[in-house]
Amino acid sequence: MSENKVLIRKKVVVSVGDLKIGGGHPPIIIAGPCAVESKEQIVETALALKELGVHILRGGVFKPRTSPYSFQGLGIEGLKLLREAGNAAGIPIITELMDEKHMDIVNEYADIIQVGSRNMYNYSLLKELGTLEKPILLKRGMSATLKEWMMAAEYIAFHGNSNIILCERGIRSFDTYTRNTLDLAAVPIMKKETGLPVIVDPSHGTGIRELVTPMSRAALACGADGILVEVHPKPEYALSDGKQSLCLEGYKELLKQIEPFISI
Amino acid sequence: MSENKVLIRKKVVVSVGDLKIGGGHPPIIIAGPCAVESKEQIVETALALKELGVHILRGGVFKPRTSPYSFQGLGIEGLKLLREAGNAAGIPIITELMDEKHMDIVNEYADIIQVGSRNMYNYSLLKELGTLEKPILLKRGMSATLKEWMMAAEYIAFHGNSNIILCERGIRSFDTYTRNTLDLAAVPIMKKETGLPVIVDPSHGTGIRELVTPMSRAALACGADGILVEVHPKPEYALSDGKQSLCLEGYKELLKQIEPFISI
Amino acid sequence: MSENKVLIRKKVVVSVGDLKIGGGHPPIIIAGPCAVESKEQIVETALALKELGVHILRGGVFKPRTSPYSFQGLGIEGLKLLREAGNAAGIPIITELMDEKHMDIVNEYADIIQVGSRNMYNYSLLKELGTLEKPILLKRGMSATLKEWMMAAEYIAFHGNSNIILCERGIRSFDTYTRNTLDLAAVPIMKKETGLPVIVDPSHGTGIRELVTPMSRAALACGADGILVEVHPKPEYALSDGKQSLCLEGYKELLKQIEPFISI
Amino acid sequence: MSENKVLIRKKVVVSVGDLKIGGGHPPIIIAGPCAVESKEQIVETALALKELGVHILRGGVFKPRTSPYSFQGLGIEGLKLLREAGNAAGIPIITELMDEKHMDIVNEYADIIQVGSRNMYNYSLLKELGTLEKPILLKRGMSATLKEWMMAAEYIAFHGNSNIILCERGIRSFDTYTRNTLDLAAVPIMKKETGLPVIVDPSHGTGIRELVTPMSRAALACGADGILVEVHPKPEYALSDGKQSLCLEGYKELLKQIEPFISI
């Protein structure tokens, strides 16, 4: 199937500081709010997650929103707050890059750079990211075939950077009960075809808070190298994606339920 | 969400002889070939599965094939062979009903009656099955919304029969790597919305033998009440679905891999 | 592409009384309400349509509804009313068959038998219809591939009846603006691959009254052999599908707009 | 439905030199090869199209290809060749922009800037294009909902540029017969909801040369303000998309078939 020339089924282990992802290392947890909203919100979340147990802190600062009239993120100011929160808790951070213009500064502040679903086909951006050494988390496009996703990773790798983590986040289907259809078969397939670590985002993958824990369990049971979940101290006040965010209590319950698969 | 009047989130336990399915009982395994092909094939499979461990024997005798020129199944003759095999191994049997004309005889011979994907919208058939007491396994239509699937179950229940097991078997999407896209979020959703047991068919759900074991693990990890898998003593000679069938060796490996979730 | 053995790209002309459908004959219009609701409603509609211009009267009497609690149609009583209306207006009638049990009586009363989307994969029904000489209108399944649709027609033809009219009625997609996604490329493809006449149902194909006329024009412009539209004298009181039904005034406007393509 | 604040159903007419697009003006034809391959190829095509009749010349120079190992376009060199060809034939040109880095030079050379399907969600790029006065052709994302597409246009308009032409180019579905599923209902819907001109690309929309003419007819019959078709003097030698490109003879036949809808 694969026509890759760089990502040729050889196991890739991605290092973030001392943390190893993929290649048989224990699965990891990336957690945090959809968006960085304020210093208080992100630092409080980081410290609380750290205490409960987490590997990496996430938080969006450049937000690709469907409407130009929705909250677009705090931008560079938010990036600095995220870094501050990561430092306060002593954990690495990940955030999304939407625009080449911000690549240098995001590369300076973040430990992993995320390419969101809407930019999986943004080959100009992928090529630029290929020139970095920084780990890249590449989300699957919302209706990308597995082959297109493989080739998007190959764009980055071909331009020089094989530190890639793939992230399944649900695909678009005809059903409207869930926000997306989480395609877990992608986990064993993409691991085998590319050799890269594959993690799963059950928050976007379902859009429903109650499904985050069962789908995290399913993801880990079929071999995911980690999960990426949205956690907000007060989901009801979140500026985006509140419905799919766990509160801290919910995160605690998640950790309990995935305990057979993961060690924190 | 649900507009059901009979299946109103109250837990339903389905009994097949002494076996209990759903409502917190341990998950079960239904296994067997896609189609009953000969007495030798089905009896040999039944005895081998029984020895390795299985709860229910499956085998198709009326086959809904896309082409009128493909093998259409052994019909009533096959049904009797399946019964014979079930008896020889001492395990209950399940087979698909496509046509009201055969309802009485299938009801006489089978322990569970399956409604296949292609007939989920066949409301005439669903109404007739509602008049039986026999357990019905209702597969999800290949592009049925969860709500349509709930309502299809409600058709059977409304006409008097609540002994229904739901079976997620993958939905149609734009991707062609797998035969279908296995929608595991359906498991916790349908369990909650209908109260019925929900099992998963990773064989049709992926169409790829190598994915049956990881997706079985995922299904059980998110709460499935069982799995339905295709097993053929010689998949390379199977008259249908050989590519997605496990051989007996593969079935043994599956059992080992799902051991944390299931007890045989 | 095609693996058909009977429908092998040879042009088929379907005759309904003196009316010829397909094979280069002028396109036809099938119109009428989603469901037969009362004698008054169906006779009034038939006479009004006849006066404005129409070739065939449609009306559902057995209704495949998603919910068992929705109006299920008037059944055989409705079938007789439809016949009466057709006779009063002097035009042939078409209605849907859902259940083999009713095949003989529907065959007796109707001039064309419709197989609805939900029954396109009901191979038992298709085989039975293959034993008749009556014209069959075979709707595309809501997520049937073109190849599956070809093979469904082949089931009927293989069992002896090549008087088949295909009807594109929209497929299921991720978008929710329209009820279905009308796939008009199916028109030239299915005409070429099967030789059968292909008509289009823009009412179900869009679910939106305002789109019926532009999509009828599009259908005819790419070669459709006819259109099937829902018309109700009082759409706001229709027992089903009111939102997509034209009123008589709307039907008049439709006729005006498709005048370059059709002669009434 | 619409939550737009700028594109609020008021008719927008886009001017390209003396040419008017949308708002009731006669439909236009944009034609040319998928990619600019050489000076000879693009000038020859431009002159031939001009002689047969065409409004705007298209040609890709930055190509968003699924694989990094496919031909990526001639880049700025190709842009200059395209301009030369447009000048030689005396017709305006359109080409795709993938990367903000090239915005100034594409703005300098091209008369219309195209945003391809893969970049419809590239909000950074859309915002930048909003700062220009140049007409923008915004293709629908390959699985974008109509609402997302409206909002993408709104991003451009909100940032100051309402000279937008929408282009339906087929969406992703489960069927594999055609490359995409051409969603013609989008034409009347998007015209009404945004007021913008809407054109149709039947070449990408079907991926099959034989379908370009019937689907062009269908598009124009339901109100499209133009069509965009791939034409290559020698499709069998095209570096990309040869299968869906018309040869010059085919283009002539297209013009004949759409003559009732268009004046050249």
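When the chains are written out, they are named A, B, C and D in that same order, and each has its own residue count from 1.
The definition used in the following text is that contacts are C-beta pairs under 8 Å (C-beta built on N, C-alpha and C of every residue); 3 or more make two chains touch, one makes a residue touch a chain.
If you want to know which protein each chain is, UniProt gives these names: A, B, C, D = 3-deoxy-D-arabinoheptulosonate-7-phosphate synthase.
Small disclaimer: the values here were computed from a predicted structure and weren't measured.
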Shortest chain-hopping distance from chain A out to chain D: 1
Higher-contact pair (C-beta pairs counted), A-C versus C-D: C-D
Distance from chain C to chain A - Cα centre to Cα centre, in angstrom: 48
Centre-to-centre distance between chain D and chain C (centres being mean Cα positions), rounded to whole Å: 35
For chain D, residues contacting two or more additional chains: 143, 147, 172-174, 176
Interfacial residue positions of chain D with respect to chain A in the complex: 3, 5, 64-69, 98-101, 117-119, 121-124, 142-143, 147-148, 151, 154-155, 158-159, 172
Touching residues on chain C, where the partner in the complex is chain A: 143, 172-174, 176
Footprint of chain D on chain C - complex, ascending: 1, 143, 145-147, 171, 173-178, 181-185, 187-189, 205-206, 210-211, 214-215, 217-223, 260-261
